[in-house]
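Have a look at the structure below before the remarks.
Letters A, B, C and D mark the chains in the order given here, with residues in each chain numbered from 1 onward.
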Amino acid sequence: MKILITAFEPFGGEKVNPALEAMKLLPDKIGNFQILKLELPTIFYKSIEKVWQYIDEYKPDAVISLGQAGGRACISIERVAINVDDASIADNDGNLPIDQPIFEDGENAYFSNLPIKNMVEAIKKAGIPARISNTAGTYVCNHVMYGVLYKLHKENLNIKAGFIHVPFMPEQVVDKPEKPSMSLENIVKAIEVACNVLA
Amino acid sequence: MKILITAFEPFGGEKVNPALEAMKLLPDKIGNFQILKLELPTIFYKSIEKVWQYIDEYKPDAVISLGQAGGRACISIERVAINVDDASIADNDGNLPIDQPIFEDGENAYFSNLPIKNMVEAIKKAGIPARISNTAGTYVCNHVMYGVLYKLHKENLNIKAGFIHVPFMPEQVVDKPEKPSMSLENIVKAIEVACNVLA
Amino acid sequence: MKILITAFEPFGGEKVNPALEAMKLLPDKIGNFQILKLELPTIFYKSIEKVWQYIDEYKPDAVISLGQAGGRACISIERVAINVDDASIADNDGNLPIDQPIFEDGENAYFSNLPIKNMVEAIKKAGIPARISNTAGTYVCNHVMYGVLYKLHKENLNIKAGFIHVPFMPEQVVDKPEKPSMSLENIVKAIEVACNVLA
Amino acid sequence: MKILITAFEPFGGEKVNPALEAMKLLPDKIGNFQILKLELPTIFYKSIEKVWQYIDEYKPDAVISLGQAGGRACISIERVAINVDDASIADNDGNLPIDQPIFEDGENAYFSNLPIKNMVEAIKKAGIPARISNTAGTYVCNHVMYGVLYKLHKENLNIKAGFIHVPFMPEQVVDKPEKPSMSLENIVKAIEVACNVLA
């Protein structure tokens, strides 16, 4: 059994991406799952293409994409991805789509088919704050979550997929003392716990 | 050279106090400093009496009191303690003072004589968010900070003293997903860094 | 030309609902639009049935539903309603649906077809903070927004429809000093401005 | 009986100052009090000199200084002013004092002698959120509050004095949708209510 974890390059002026740093620290095995790791460009469509190719080649049983949600205080397990790109800052290739559907022939939204409530409960039980989030935004995070779920539905693939947003790491907010953060250790632990729920 | 660290018992319905948990994890030596640890009751005056006795007996070179500031996102190095007790919840002995001076013959306020700006910079340099706070509140935290500084001024003691407020630990906010928290590891590290600044 | 405005009864222990109070204060005419007003029970499905009957009977050109988003600081024009009821508190009839689809034969989500970006800009130009929101939650607000848009799509009705969330009124937060609020006058004004954008 | 109200010019890049706008809208009489109004430069010391001259000339019975506390959600009645200037941005004359005492021969702090608790209760009773604040910061607001109270103590004047911080107005936060604000009408009303408490 294989879980593909994806994470983005840094974006928005940040030098690091806590989701990417967390992915790097994940072990290669969690329970009985083999953990595959894929870094994605923070670029509309190129990110989706890259994860699609990887899914075709490695046929994971689950895909958990990770992203940074700066300003949130806890781990957010996303419930739903919506069919819209609406960027307030350019992606890492200069694209700034406004109110564009991601795929013209896609559903308005796709729900994550991960056990999101069980994941939240398990993470909280591990002492780490977590909640369901009902919006993954309209930037590259939502875009990739949508893109993966679109593929699963179009191709009728038996894969679990969804998205987890993580807070800033402490070092990102040393000059923003009102912004919440979470230690990288706890971010990593939360993702491990979430993976274990799939077992 | 000796640094006395104090921390309170849990209060306000919380089962743990992150400041107390952090104090327990501090090493017995930080740099050349011997670290003395003292748990204080979250009780008006009894807390002050206990720390005064300890100061008289052990004659530390510095006193750093620790407290929980639930809802704050970063380490707060307090600048000033004011001569007022004004509780919104009872202390652990049922006292609920309203607008009472702590000591009738005390100054309106005492400033911390710790190197507070250097402490903030050192903690931030260690990757942990920190800031100066201009209020330690009007509860038992401010009370103890005031009580120690009052003694130093009255007795003209050559002791550095002040207060550090720490955020909730993650396990305290698992059901309060919008509240910021900080890992115990980082709280401990921040206090160690602050102690090192005294060297 | 007719705009139907809906608002909910108070819920969640609140004695008033700022959206309802605002609706009561709206004039009967805004520009060339006749304003119809409909109070809805804060009850799953009963709310939808009531607004559906009203639409059938009065055939409005637009339906703008209003709701309270306690804790938000600005007017939120909702982008999308999702096909799920997931309540954290019971509705006013004791229903507490968990992860239930609203309509089995509905789309996963429906996008508002109001000119949401223009509404945000017009409200901001009037000096009132506003933004697009990407989640109307999973309670009765999202439920009604979804229910109206579902009907429009199923029956191919040429009606503009969407949802506006409004902050607490100041009197609701006198004992919650950290919660943002907005004056009823500004809430009313924002809704009037939003209606005018439809002209 | 005369109440002197003071307010600052805009500062920190803002085009307006809600406290100043509110002062302009105050009536010339509140109850039996004559209301005197004084605009102060947002400049260290020049602000204090101006209010001192005014006090000497007009001999008010009370001085209520107003200031903007951007980011706070409610009216804050300040409890205490501390003897320190510590600016994070330059004042309107380019001064950027760091950790300087305001008056070398002043107390560490002065408490407001306004009926601050009664003011909070009266404002809340009027439906407007308010609270006691234990810090007026370390910028020009605290500076003026300290300067007035210093004079009263040094000269043993029988004058009530203190400081009220007000939130941003809505028009200041149209592009900061997460920042709380308060309508100018409610700010004015809160100040009138506070003045009435002095009667």
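What we mean here is this: contacts are C-beta pairs under 8 Å (C-beta built on N, C-alpha and C of every residue); 3 or more make two chains touch, one makes a residue touch a chain.
Keep in mind the model is a prediction, meaning the values are calculated, not measured.
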{"item": "Each chain counted as touching chain B and chain D at once", "value": "none"}
{"item": "Centroid spacing, where centroids are CA-atom means, of chain B and chain C in whole angstrom", "value": "47"}
{"item": "Whole-Å gap separating chain C and chain D, where each centre is the average of the chain's CA atoms", "value": "38"}
{"item": "Multi-partner residues of chain C (each touching 2 or more other chains)", "value": "none"}
{"item": "Chain-level touch network, classified as line, ring, star, complete or other", "value": "ring"}
{"item": "Contacting chain pairs - touch in the sense defined above", "value": "A-B, A-C, B-D, C-D"}
{"item": "Complex interface listing, chain C residues touching chain D", "value": "73-74, 124, 127-131, 170-171, 173-183, 185-186"}
{"item": "Complex interface listing, chain D residues touching chain B", "value": "79-80, 82, 84, 86, 99, 107-111, 117, 132, 134-135, 137-138"}
